[in-house]
Amino acid sequence: MKTPLLIVNFKAYREALGREGLKLARLCQEASWEMSKSVAVAPSMVDLASIAQQTKIPVLAQHCNNLPAGSFTGWVPVEALKASGASGTILNHSERRLELSDLEALIRKCESFDLETVVCADNLFVARACAALNPTFVAVEPPELIGGDISVTAAKPEVVSGTVEAIADVNKDVKVLCGAGVKTGEDVAKALELGTEGVLLSSGIVKAKSPKQALEDLLSGLGS
Amino acid sequence: MKTPLLIVNFKAYREALGREGLKLARLCQEASWEMSKSVAVAPSMVDLASIAQQTKIPVLAQHCNNLPAGSFTGWVPVEALKASGASGTILNHSERRLELSDLEALIRKCESFDLETVVCADNLFVARACAALNPTFVAVEPPELIGGDISVTAAKPEVVSGTVEAIADVNKDVKVLCGAGVKTGEDVAKALELGTEGVLLSSGIVKAKSPKQALEDLLSGLGS
Amino acid sequence: MKTPLLIVNFKAYREALGREGLKLARLCQEASWEMSKSVAVAPSMVDLASIAQQTKIPVLAQHCNNLPAGSFTGWVPVEALKASGASGTILNHSERRLELSDLEALIRKCESFDLETVVCADNLFVARACAALNPTFVAVEPPELIGGDISVTAAKPEVVSGTVEAIADVNKDVKVLCGAGVKTGEDVAKALELGTEGVLLSSGIVKAKSPKQALEDLLSGLGS
Amino acid sequence: MKTPLLIVNFKAYREALGREGLKLARLCQEASWEMSKSVAVAPSMVDLASIAQQTKIPVLAQHCNNLPAGSFTGWVPVEALKASGASGTILNHSERRLELSDLEALIRKCESFDLETVVCADNLFVARACAALNPTFVAVEPPELIGGDISVTAAKPEVVSGTVEAIADVNKDVKVLCGAGVKTGEDVAKALELGTEGVLLSSGIVKAKSPKQALEDLLSGLGS
């Protein structure tokens, strides 16, 4: 995925399930194309193939399981993501945390399937550990700010810049994103200024009165 | 779903992911229509909406989570199944077991969303417990026979008929299916003879040299 | 364990860990002996052997795992309970729920080790399912009343009596307990009157200003 | 705990449960005292307080849970370890893996309770991530060698020395242990030579014909 980057996590929000999810993904695609900015979407797990087939921007899974393809009813191996047309996956979101060893194994397996990995970290220690695992991206999201009204870039700028530094210290190849409470283009611009290569956000778009307007405002802060 | 019934569980088999899964679902649809038999498919989790949108036979999820729609990255609430166009869900498969209280809550929630529930049980005690929870179907599958070459109807006919009786004893409203090792029309006919209203199967079709032939043979045993 | 019965669940309350837990267990033993009533204690997991070795009333585990003795670091198989001197175990507490199939397997394994099972159920459907699994006791505890100030016997007497009937309907061999919010001898007497053979309680004793007084009051309601 | 160090993990082996576990712990204590070597034991979870109270060498838990003391039936918070008399805990053993964020939180909480942490890692990436979390020890154990007859120090000496280097690169404060297949004093000596400060082992003592002899042989390799 090209950076600077905005990733829209649909979570399991009612407003972004099924047909509503497809509409939102198309809206993200249009805004991405019109404004020439890099946007990726992470739809609800059961909508993944549907949305990947019907859009052309990068589509990420929200999670997957450290199991091979095979006799595993109800599980989502990396092979299922690849076959769905996804470009990568979020891993270890604070709402869907992974065992350390599974996280490491999934990053390796995604590499071998040419899928990008966005690994979430809830504090500085965890961010350093994630960087040591060599994913494509580490996204730092203080859990207490997720879904809230104050952007991490305003509430805890030093956490963002400190994480950028700490990650560079452990592994210079890892790109850093931030998230939690990001709502405006200004928040996004601040995130880039603090050293990240983009933001991961959800309710700021999914629950916005006008997702289209919210998206345009957010992308205006994304640089170029 | 109309009975007698054949449910094809795609599991996470490589042969039934993404485009291959869609092909297999369409093949099931054609056979169902041509032979006028009731067939449902349970595709890989991430293919659920895609296949539900592109076929007209009943589509089931393989699993779901006891959480509300909302801020739950990577989870699959009942609302997501409904929005995807699914007709119901498998629950408590021996490869994806549920906590008892979640299983009960999911059956209640599926009822309220008008989704059918196929609850798997691995022995007689568990089958009785499942029946007490009042799902649409209980599917009895001895785990040691799953994916094998000997049909439960041949290896343990008394388990099947015993379960049918035991379930009727606890709750007469619950329909019984059986599964594990089912490969031929004869196996299916035997399952109905033992008192079930259909079969749940997977590798017998997904891993067959000719899934189409396997399906036609299996459906020939399904009565009418 | 003899009925009518009072089971004191120490949970992981700070007031009942380590030496404090041993003191509380001894206090339960004294009250049991002085008032000639049947009392069992369920100490913190890591205190189980210590308390079982240093008291003579029945000691229960709070939980265990469906795994054999062997190379399973950090897990608690039934064999470990037996070797610790425990008389049985609580299973499927609403704070530590079990997969249905593990619950069933653990009940069978406890039977074979001559350990009693107290299986918790959070509603009527779950209670019926538990009864079908044939444990020694089913304890009905509406989760919304656990740790609260209103006894289930006052807030929802019909849940208690309804569960007693429903369980008898499924399996006459199962004894019924109730819990949640039980604080006084009157609550206990009411529980017996509603058809149970005892109560399961925790904060009513562990967090009481005087656990000794609380215990004596509670036991006064236990009949004889 | 003083290094060089031998940690004996009792796992849930039948040979080390209950009274047998206490005997084994005492045998470890005697050998430690007689040979003036540092030995710690990690007994079965339910025996923890019993063995900590009845021995004087360091006793470790095999696992614990990232929950506060309180209303958490069946869980083991750090407070319960402290109250039991334990000196620390193994965390993230390959048989009992932890979510990354729980692992981090538990290391922090153990620090604040003055408990030492021995974090297991199954490969080099995971070892680096663990080192970034700043535990007292990282123990590298290739899972395919656990419980086997070939010592990691013979089968994969480069894994051991490579891990020692990689960990020093991330965090110089972390001490390194190794484990898996360690059976003789020679294996232990080799482990120290490769740069570790001790070994974590289990079946080599617990399943030995003569645990006493095995222990004496192993300790002979521990330097002084």
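The chains carry the letters A, B, C and D, assigned in the order they are written, with residues numbered from 1 in each.
Keep this in mind: a contact is a pair of C-beta atoms (placed from the backbone, for glycine too) under 8 Å apart; a residue touches a chain by one contact, two chains touch by 3 or more.
Note that this is a predicted model, so its numbers are computed, not measured.
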Fitting chain A to chain B on CA atoms, where both chains share a sequence, rotation angle to nearest 5 degrees: 180
Chain A and chain B: spacing of chain centres that average the CA atoms, whole Å: 34
Gap in Å, rounded to a whole number, between the CA centres of chain D and chain B: 45
Whole-Å gap between the CA centroids of chain A and chain D: 37
Chain contact topology (line, ring, star, complete or other): ring
All pairs of touching chains, each written as two labels joined by a dash: A-B, A-D, B-C, C-D
Residues of chain A that touch chain B when the two form their complex: 9, 11-14, 17-21, 42, 44-51, 53, 61-63, 67, 69-77, 79-86, 90, 93, 95-96, 146-147, 202-203
Parts of chain B lying in touch with chain C, wherever the complex brings them together: 92, 94, 97-104, 108, 122-123, 125-126, 128-134, 170
